[in-house]
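Presented sequentially are two complexes of chain A, the first with chain B as partner and the second with chain C.
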Partner chain A sequence: MGINDSLKYYWNVKVVGQPFLQWQRWQAERHPKIPSRWRTDILSPPLRIGARTKELISRHYLEGRYANGHRPVAWVTSGGPVEILQALGFYVLYPENHGAVCGVRRVVVDISTEAENAGYSTDICSYARTDIGSVLSGKTPVGRLPKPDLLLACTNICQTVLHWYRVLAKHFNVPLILIDTPFVYTEASDHALEYVKKQLENSIPVAEQVAGHTLDYRRLQEIIQLSKNAAELWLEIIGRGRHHPAPMSVFDQFIHMAPIVEMRGKQETVDFYAALLKELDENISKGIGAVRNERKRLLWDNLPIWYRLRYLAENLGEHGICVVASTYTNAWGELAPLMNKEKPLESMAKTYTYPILNQGTKYKLDTMKRMVEKFQLDGVILHSDRSCKPYSIGQIDQRNLLIQEYGIPALLLEADHDDPRAYAEEQVASRLASFVEMLES
Partner chain B sequence: MDIVALGIDVGSTTVKMVAINAAEEIVWDHLEAVDPRVEKQVDSFLNKLREETNSLAGIPLIATGYGRNLVHQAVKKVTEITCHAKGVYRQLGHGGTLVDIGGQDSKAIVIGDQGQVIDFAMNDKCAAGTGRFLENTAARMRVPISEMGAVALSATGEVTISSTCTVFAESEIISMLAHGVEVEPILLGLHRSLIKRVVAMVRSVGLVTPLLLSGGVVKNPAIRKVIEDEINEQVFLPEHPQLMGAYGAALLALNLPTS
Partner chain C sequence: MRITIPPRKTVIEDIKDRGGSVAAVLPIHYPRALLRAFDIYPVEVWGPANVDVSLGGAHLQPYVCSIVHNALSFLKMGGLDTVDMLLIPHTCDSLQGLTSILLDLIKPKQPVFPLYLPRGQRAEDVVFLAEELRTLSTVFSDLTGKHPDNDDLLTAIKREEASDLLLRKLYDHKRQMGLSNSEFYRLVRSREYLPAEQFSVLAEDALQISAKLAPGIPIILSGIVPEPMEVFNTIDEMHGEIVADDLACCGRRLYQPGTSSEPFRRMAEGIIHAPPDPTRGNSIEERVKYLLKMAEDRGAKGVIFYAVKFCEPELFDLPELRNALKKHGLASINIEVDINNPLPHQAVTRISAFLEMLDG
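Entry: the complex of A and B
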């Protein structure tokens, strides 16, 4: 780590950047503005917390921009056991989150074309293509991504990460920690959990070597507790969807979930979610719903369609439909009870073995049914995501079972979470309109 | 003509309009190839109707089909799923699984006992399994679209078209023709390829018998024959399969709450 880089970091991040972002947030909080094309006739004004979300995310990428040479940098998968790296002082970057930012900013086609030109097939996940394209070209909407000193991939979300991170390891010539989580058919066996725990143990010396110091187990415990606190708050936040009208739609959740994914283990993340919960409770007490005239409530399955969030919120909101809950945002909260700072590695092994994507399709079906009942929903939209095969497999059966076994109307919507070339708006609009008419008949 | 309601179906290939009387019977209908200037075309349809009747003042019009949002003369826009289900149920008097093969997309609609839509599926983002698939390949073989079905049914043999992609199927056909394969067995294979896609869609929503057909493509006799072969069920057609979207729209217009 160099003194010049540290000075640059302090100047750009601490002296200039952070105060500016804070000032920007205060301005936005003091004079809240509704985006010019926001359909106020359909949707309630955006949540006030948005100013803080923007500050947190901007600061995260600003820190990343100047991190190289000042702090060790790790790139990790979204379901990666990040607490060990946080405790060692790593700056942690989530390429999937960066991919989502690229999706929202609609630069995915430009960036992923760089990867496609280098020979990566369009059949590969659009997050992976966007990341590799960004690595190859330096293109990003967030300024600059720091180079990794360490990579950590966990197979609990998909097998693509295995190959994707090997590409990154070769490109950057840095160590890759691979955490292999055995698939959970009904319940994880003791030896499977022991196997994951052993891998976590083995990852520590590798990460310590890159960080240049040893792991402080008390710090790890603190971080596990902070992760748990934030995840529990997130679970409460999405649980507020039980109220009629729902104070927050999934389209808001998709935006405000960024900190729980990429900033777990930090006090500011806990504070952020406590503030969001408070705002939702205020809105509930005033009877303010995300959709002004909520008449029907739906569940969303799979990742968001990042480049069409507002369109979908308005298209459905126009018919008084609020998409209240999703299996995707739920996934970031449902494992919170498993974390235990008294048994750091054991509880991490369990937490990171049980994500919804590492479990059988029956588990997802049961989750959907449970959520439909809990949130009193009228139907389900299953986004068949061309990029995310593990999330999309089984959806046709899940859809049919929801309809035939449980009498829950369900729609399969074909798209891609990041790549608009696999999305046909006319056809999506036509399916949504037909589904809405069916719900209303 | 005692016209009480109008329905218009602006599809990707044709525009269909019907007028119904209080007994919900079709008393007038008109069909033309679609013009991209939809609003103008709808005006010309209305003018044609005005020549045959006294006045259309106060008669509600509902629009359906891909171009429905371009019909500014309509009081309401409703999707083809709802309209086809409504029209076919009214004509045949029972529910079932309705397959509507249109120019740009195909749909399988499960209709309940009361005529309500219970479930539906549409073809994915691809022309395979739609009328466009036949149209493209018919043009390549220089067989008029209206004669395709009869020519296919006159075949004594059949060849398998392995490509489901419209563009690749076209190259496959060119190659077959170049190798001296007759037109008739190719055409029959082509129909089977399309229907296999449609049947997969029907299976995805779960076939609730009887199987009903609507849409312009089902005027083709080979479509009916091959679908019966593939699904092993008798199919039922309304009298005017191509008008069912517009008819359903008119029925909905008739029942609009009066303001």
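Entry: the complex of A and C
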């Protein structure tokens, strides 16, 4: 690590950037503004916490921009066991989150075209194409992404990440840690959990070598506890959706979930979710719902359609429909009970083997059914996501079973989480209209 | 063709007549010897091509590859009615999804067994896979009532290893045998359903043939599966000669014998140390090195990447592989296919132009 780089980091991040972002947040909190063309007749004003979310995310990318040379940098898959890297002082970047930011900012077509021009097929995951396009061209809406010193891919969300990170490893010529988590068709075997634990153990010396120092196990325990605390708070936040009207829609959850994905193991993340929970409780006590005239409540399955969040919120909100819960946002909280700082590697092995995406189609169907009951929902929208096969395969039968076996109205919506070229607005609008009509009949 | 290969249907009927069980096995890697030790005969399902895909389409989205679509369609149309079980290795997200919906939601009449294949070549990967195979062995014991001991397992392993060595020999002697690409690959692909002992006899017979063909334009074929098989006729007609391949159903399964005397570990070693394969997590560098060596050893002038549409494991590596080959003076083209469609005219034209270019 170089002195010049560290000076640059302190000046740009600590002296200039952070105070500016803090000031920006104070301004936004003191004089809250409703975004232009926000349908206040349908939706309540955005949550106040939004200013803090913006500050956190901006600060995260700002730190990344100046991290090279000052701190070791790791690029990690969203379901990756990040606690070891956090304990070793890595700056951790999640290319999937960057992909989501690109989706929200609607720059995916421009950036992924760079990858397609280099020969990457439009049939591979749009997050991966966006990331590779960004790596090849330097294009990003967040200023600049730091180069990785280490890559960590965990297969608990898909096999795509394995192929994607092999491309990154070749491009950057840096070590790739693979944490392979055997798929759980029914229950993880002892030897599968032992296998994951062994890989976690073996990842430590590799990460230590890149970081240049050894792992402090007490620090690891602290970070595991912080991860657990944040995940528990996130679960409570989602649970507030049981109130009528729901104080937060999934479209808000999709935005405010960023810290639980990319800033696990940090005190500021715990504080952030405590503040969000407080705001939701205030809104509940005042009877403020995310949708002004909530009449119907739905579940969302699969990743968001990042580039059409507002459109979907308004389209459904217009009919008094609030999408209250999601199997996707739930996934970032449901494993909190498995984390145990007293058994760091053992509990991490279990936690990172059991995400919903690493479990069978029956588990997902049962989760949907359980959430429909828990949140008293009127139906389910299953986003059939062209870029996410592990989440999407099975949805056709799951939809049919929800309708036929459980009497739960369900709609399958074809799209892609990041690439608007695989999304047809007219078709989506007409399918939503028919579904709404059916819900109201 | 001078070698008569028994058709798949006849082979299955013979096995059933002898009282054996048949397992339909999906791509790519699995322990043939383990199945045989329980008198279970593996018959592989790589699609097949040309089935009514609407049956699979009722359960799978259009962005799932045609191999998986066709396999499900084939199952639904009764094509696998004669088999006693399905074994589905965890090869990719699509096969993972297929296994999961078969176990949880669609439930065919036969039992379905998943097999997780680790994505690394590390010591812990061998240990894990050996344990997976041991677990599968317990499942087969419960199913068949048979309890092969270590000696039985090692006998089965050695029979498969002998057959694999003969397969390798076929590749080494392809030119001397004078088989066309079509003939050669029909023979090689019969390993997908012939019992090892039957395949070995066939291979020994083929190795006796000595009829030199005029050398063609030397190329390597890379991809998952060469379906539709018309691609070989096309290459034959244009005087292309496939001197080696990097196909998941063929060359990527030239397994080396394991070294351990412990049978489960030996089977795991065989699979894990097979030629580089993206579905088992081999790095792009390993694949580049392997392709370059293959090209050098066999004198190939170019590589045809023959990719099944929507196959992520193949598609991710293509740009880097092609760049690396280009740097070493090897030309390549990428042909994308849906195994349910006939070889498109455009693909024929492109292969033709590519071979002409190599010949020039």
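Some points to look at:
The criterion applied here is as follows: the second predicted complex is superposed on the first by the 441 of 441 C-alpha atoms of A that agree within 3 Å, B and C clash if a C-alpha of one lies under 4 Å from a C-alpha of the other, contacts with A are read in each partner's own complex, and residues count from 1 in each chain.
The rule is simple: contacts are C-beta pairs under 8 Å (C-beta built on N, C-alpha and C of every residue); 3 or more make two chains touch, one makes a residue touch a chain.
Just so it is clear, the model here is predicted, and its values are computed rather than measured.
Shared-chain residue A:Q27: touches no atom of chain B or chain C.
Of the two partner chains placed around the shared chain by superposition, neither chain B nor chain C is touched by A:T40.
Look at A:Q209: by the touch rule set out above, it reaches neither chain B nor chain C. Contact with chain C, but none with chain B, is seen for A:S189 once the two complexes are overlaid on the shared chain.
Residue contacts after overlaying the shared chain place A:A118 against chain C, while chain B stays out of touching range. By the touch criterion defined above, A:Q267 reaches neither chain B nor chain C. In the superposed pair of complexes, A:S285 makes contact with neither chain B nor chain C.
Legend: residue contacts after superposition of the two complexes on their common chain; A:E426 is shown touching chain B, with no touch to chain C. Between chain B and chain C, the partner in contact with more residues of chain A is C.
In the superposition on chain A, A:I396 makes contact with both chain B and chain C.
Where the contact sets of chain A with chain B and with chain C meet, they give residues 396, 414.
Touching chain B in their complex are the following residues of chain A: 396, 400, 403-404, 409, 412, 414, 422, 424, 426-427, 430-431, 433-434, 437-438, 441.
Within the complex formed with chain C, the chain A residues making contact are 118-121, 123-125, 128, 155, 158-160, 162-164, 166-167, 169-170, 176, 178, 180, 182-183, 185-186, 189, 191-192, 194-195, 198-199, 202, 360-362, 365, 384, 386, 389-390, 392-398, 401, 414. Chain contact summary for the complex, chain B toward chain A: residues 66, 78-82, 105, 116-122, 124-125, 204-206.
Every residue of chain C that touches chain A in the complex is listed here, in rising order: 58-61, 63-64, 90, 92-94, 96-101, 103-106, 114, 116, 118-120, 122, 124-125, 127-128, 131-132, 135, 278-279, 281, 283-285, 309-310, 312-313, 315-320, 322-323, 336.
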